[in-house]
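Labels run A, B, C, D and E following the written order; every chain starts at residue 1.
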Amino acid sequence: MVETMTIKEPMDALVDNLQVEPPKKTLIEARNVDVFYGNFQALKNINITIEENSVTAFIGPSGCGKSTFLRCFNRMNDYIDEFSIKGEVLIDSKKIYWRNVAVEELRKEVGMVFQKPNPFPKSIFDNVAYGLKIQGIKDKTFLEERVVKSLKDVALWDEVKDELKKSALALSGGQQQRLCIARTLAVKPKIILMDEPTSALDPISTAKIEELMFELKKEYTIVIVTHNMQQAGRISDKTAFFYMGDLVEYGETKQIFTNPKKERTQNYITGRFG
Amino acid sequence: GGNTENTSENSGEQKILTGNIKIDGSSTVYPITEAIAEEFRAIAPEVKVTVGVSGTGGGFKKFARNETAISDASRPIKDKEKVACEENGIGYVQLEVAYDGLAVLVNPANDWVDHLTVEELKMIWEPAAQGVVMKWSQIRDGFPDEEIHLFGPGVASGTYDYFTKAICGEEGASRGDYTASEDDNVLVQGISTDKYGLGFFGLAYFEENKDKLKLVGVDGGEGVVIPTQATVADGTYQPLSRPIFIYVNDKAAEREEVIEFVNFYLELVPEIAQEVGYIALPATEYAKQVEKFQTFISKK
Amino acid sequence: MTNAQKNRIIDKSFQVFGIVCTFFGLAILAILLYNIVIQGAARIDWDFLKDLPSRRPQKAGIYTAVMGTIWILVLTTMIAFPIGVGAGIYLEEYAKKTKLASLLEINIANLAGVPSIIYGLLGLEIFVRIFGLGGSVLAGSLTLSLLILPIIIVATREALKAVPSSIKDASMALGASKWQTIWNQTLPASIGGVLTGVILAISRAIGETAPLIVVGALAYVPFAPSSPMDEFTVMPIQIFNWVSRPQHGFAVNASAAIIVLLLITFMMNGIAVYFRNKWQKKIKW
Amino acid sequence: MKNGVQNDSFFKMKFSEKIIVTLLKFAASITILTTIGIIMVLLFETINFFKEVSFWDFITDKEWTPLFAQKHFGILPLVTGTLLTTFIAIAVALPVGLTIAIYLNMYAPKGFRKIFKPLLEVLAAVPTVVYGFFALTVVTPFLQSIYPDLAGFNALSAGIVMGIMIIPFVSSLSEDALYAVPKTLKEAAFGMGSTRFQTSFKVMVPAASSGIMVSIILAISRAIGETMIVAIAAGQQPRFGFDPTVPIETITAYIVQVSMGDVPHGSLEYRTIFAAGITLFVFTFVLNSVSFWIKKRYQEKYD
Amino acid sequence: MVETMTIKEPMDALVDNLQVEPPKKTLIEARNVDVFYGNFQALKNINITIEENSVTAFIGPSGCGKSTFLRCFNRMNDYIDEFSIKGEVLIDSKKIYWRNVAVEELRKEVGMVFQKPNPFPKSIFDNVAYGLKIQGIKDKTFLEERVVKSLKDVALWDEVKDELKKSALALSGGQQQRLCIARTLAVKPKIILMDEPTSALDPISTAKIEELMFELKKEYTIVIVTHNMQQAGRISDKTAFFYMGDLVEYGETKQIFTNPKKERTQNYITGRFG
């Protein structure tokens, strides 16, 4: 790994000098990824590169493997029995499925927001501070700052500011999901994976989250699974369309939505509902 | 009596006895040893006497491993146990401390039995009786034609061994289809609720349950004898009274507090034995035991 | 319509049956306690609690037995709780789900069925003889710990299993290590079930007689243990001993001692129940 | 600077994590050591036992009289006694315990559960000596009033009382399992118009099956290992057969009787308890293996 | 209750004779409904009437009480600690919060689909057949017919027809939710309550479900909570807008979306995304 780095850095510097706007760096890369659950092949030979500071949307019908693929980026599939992966996934040019990779470190870099809201049975404050606390950070003012900031980012602050000690489980579904996003933001990861993060949110919160993504994009790289075509269209730079375990098409969102190359993509997009 | 009293007083004044005395063994002997230990507390408060109830077998096992100073036993030491002691270089002395009378009992509603001969008891209890002698009428003419229900201590107990030896002539030779329990109170319960029941166990349990049970006299060939403190003590209640013992380890017997304790034991046991439901040996017997112990320690 | 009525009737009947069963259990408990309390309650007084054993029922007390029981319980809990929960965590969260793991699982259930006296024989060989602890409180506690470990382990595993994976996922995704996830999420969320196991385990340990006698607990000890290496007696031994004595006064003593023993159990269980309620209230998925 | 700090704590964490896992592993391995210990303790004397007694006799002879002058070493009577009392106990504890668990979880008012669950757990805490005398002095006379031919010592009342004692194992652990079933499942069932009864048996119990099975296995194990109740109330007559109305003896009762009795240690008579103990061990092992297998089959079907 | 019926029926008949297209019958009615969770008032004096064979949408920001209100129609709130209700809810002119009401019967009439997919840990077939089986129906061919029909209705049949014996838990989130809808349809209730039923579905399935609703409307009455404005606009006849426990506005969907009377509604609608 050290070798790749030493080779790479001078080249980046070179590029910086030559071009005014450097091409974005590749942050995530999948090479010939096959995923199996036991005998069932959930993903078939997927190749993809995702650039830094972009929003990439995964779309496709239910059961096509979007979540499965997303979870390969932070190795959340590790805990599923019968799961097995072939091929390579690289984050920041590091092979994350190498034996020596510290998964915990990886996951601090690659945050995740889930489909179903899953707050901890703790107070609101403790939920957001959790990621920091487990890193050993104890500085109260620092924690508080981060918690407040994260809650504001997800437009939850006004609703909960007086009851940070309240159990997160007493929040409504929508509030819970926003809390979960705040929790992920608090540790400032490089990449944020989102598995249908707004499917349980009301339009106003959804709008805020979407706005937030535009902000986050400046610093973070976002990969989002969504069933909402409009959402994909609005927020993503690139879109990947999956179907039955295949990556059917991957490209600029505009192109995918206006001029898809494959017929299957076309069919899916046009059969769309918001 | 006066002599020993003096000794204990002297030692109380001159120097305070300290140390540990570990005792373990038969639960039959336990009440006596417990009572003695309790009294010993008054004269030697700094000596820590502890008493366990691992059973005679378990007690001897520990005794042979030099883990205890004194072992309570409801039967004499057996060959296997002697060998174990020898192997570990443990010498010991056996001291008889009291008699345990075995009483034969029936339900108070039983109006046909007042005594049984040893032969009759044997007929009831011998191995051959199993599945054969099932009715009272089989034992003696005139007894009712009803099923007989037998109760007795568990086959692993010294009491059972003694009874079978005394009645059937061989340890462990008895029928198996009787209701056994380690706890004599359970047997009391059994016989007192069963009109056709018959059983045997320690005399003390009868003394405490006189209203629930009926005592049966035993005819050992020299007439019917009812077991009482007197008939057991003078040896006329035969063959169903057995001695119980303590065994003293020779290394422990070098320790002053142990000597003191054993002397105290033998001095007090006549009184204590009766108090807890056993029967004291004749005074001459005790004198013999004291002497036996004295020679044992002076040999060292 | 008839079917719906039938269903309602079944439902109501089962409710009644449920109440009957619950009160059946409670009624038995009441009868047990009633008999004991009637016989023994009057015997309990300060002297009974602070007196040493005696051949005279009226003078006999349970001081050393109570102290021995408390020593044994506290030590046993201190030993078995962390080991049992730790083993449960390891088996549920870390151990690979292999054939060996299933064998281990069977083995643990199996250990729960080994009669206590065999644990006594084991404790005698290992702790008393090989470790040279003698008939001490520590040897007794270690033996009882082995005895109740399976209950705690099994209960812990079931409790851990019940924690939704979404919670674990969330924690892992935030970069928490496996242990951090267990310590901060899984374990707190499952503590209710763990404590049920502990309650049942302690309840089991507190009434044991035979294994302790084999290990070397004594019947007559005129002093309370002051260190884990001291000799001891426990209340069940005292009770068992009294129950088998001919004098009626001892039966009364036994009842009184049983009341005290139950009170100690209540106190220990009460602490566990308190924590169980406290934790379970907070968690609703 | 900040990076350095984080790296530091990272290494510290990794290291402590390793220690923790090692400790946990050790805790788990204690169960293996215990098993090995038990087998060693039992096996040593058992081998000596089988030097004197034929194994074939041991498993086929229908009489068990090692302490009598006429010695027979057939373990079967003790096995049937153990099976019989255990079966009776489970026949009592399973329906009652499971009903209580469901009642507390699905029917009873909230406060009720909180009070009565711990109260029932007291049943498991009553010293077994007390149960023994309860069986002997209360239950047996009561049963005799219904069925006069019942012997004063019998497997029936010992089994019933043992069943009562293990009720909390079933009721508490099963209730915990039911409690852990996600609320959404319960709601789905209610939403379909299920009665509480239907919800309980068609949805909740299957969803909690793993926990319930475990509670039953623990209860059975407890019943098999129970000593005092059977020793006091079931009589001590090894008897081959399954008649619950007559005195029997279980393996545990036999072991405790001999090991606390006056039999010399190291003798053949004494060794019988090790042979009996290992029989029980094998016996529970088979039983647990079977129930584990059933449980696994059942689980695989649904998750 | 019998009295109301005998009075009502002749009146209905009368109406039938007088008018060619009879005004739709009121099926659900809420009168002055207040709902509390402990001290917190989740709903404030709600009055509403919902007609037979219509689709009614509840919209509003997260935490406004939509789910709470919906659950009042089949008394699903009964199992929530601290829940209390004042006022009256009538279904088919029967007060459902009366003591003597058989909740189970009510719930067979008023089916429900939840926000989070919650299939039973049983096979796919058994999930769908569940509602019928608990009614005591054992006829195999009948059960099979219904199961197949329901699965087809939710567009799940093609995906699962070969594995009806498989555990429902092995399905993906989207598939699970469709299964839950199928399960509800199988018992043919009068009213179907849906709490964001499509929030976990992909567009194609969502479209199918929406189509299905048009079909169902002919026979059933549907009340749906949704965060998706377009969905509300497309499928519902009437829309109710909730805000902080108040029913702010209730009326024809067209009117609500094009010409809301209240400013708050206006603000919410125009801030819409989705």
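Definition applied: a contact is a pair of C-beta atoms (placed from the backbone, for glycine too) under 8 Å apart; a residue touches a chain by one contact, two chains touch by 3 or more.
Not measured: the values here are computed from a predicted model.
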What are the mutual neighbours of chain A and chain D in this structure? C, E
Through how few touching steps can chain B be joined to chain D? 1
If I average the CA coordinates per chain, which chain comes out farthest from chain A? B
Busiest interface, judged by C-beta pairs in contact, is C-D
Gap in Å, rounded to a whole number, between the CA centres of chain C and chain B: 36
Whole-Å gap separating chain A and chain C, where each centre is the average of the chain's CA atoms: 48
At what distance in angstrom does the C-alpha mean of chain B lie from that of chain A? 83
Starting from the mean Cα coordinates of chain A and chain E, work out the distance between those two points in Å. 33
Interface hub residues of chain D, defined as touching at least two other chains: 13, 182, 184, 195, 198, 259-260
By the touch definition above, chain C meets two or more other chains at residues 7-8, 11, 164, 177, 180, 213-214, 243, 284
In chain E, what residues contact two or more other chains? 104-105, 108, 116, 134-135
So in the complex, the part of chain C that touches chain A is made up of which residues? 97, 164-177, 180, 184-185, 188-189, 282-284
Along chain D, where are the residues that touch chain B in the complex? 63, 65, 67-70, 136-137, 141, 151-153, 231-232, 235-238, 247, 257-267, 269-270
Where on chain C is chain B touching in the complex? 52-55, 134-135, 213-214, 216-223, 231, 237, 241, 243-248, 251
Contacts from chain D onto chain E in the complex sit at residues 110, 182, 184-195, 198, 202-203, 206-207, 301-303
Touching chain C in the complex: which residues of chain A? 74, 76, 79, 81, 103-105, 107-108, 111-112, 114, 116, 118-121, 130-131, 134-135, 167, 169, 180, 183-184, 187
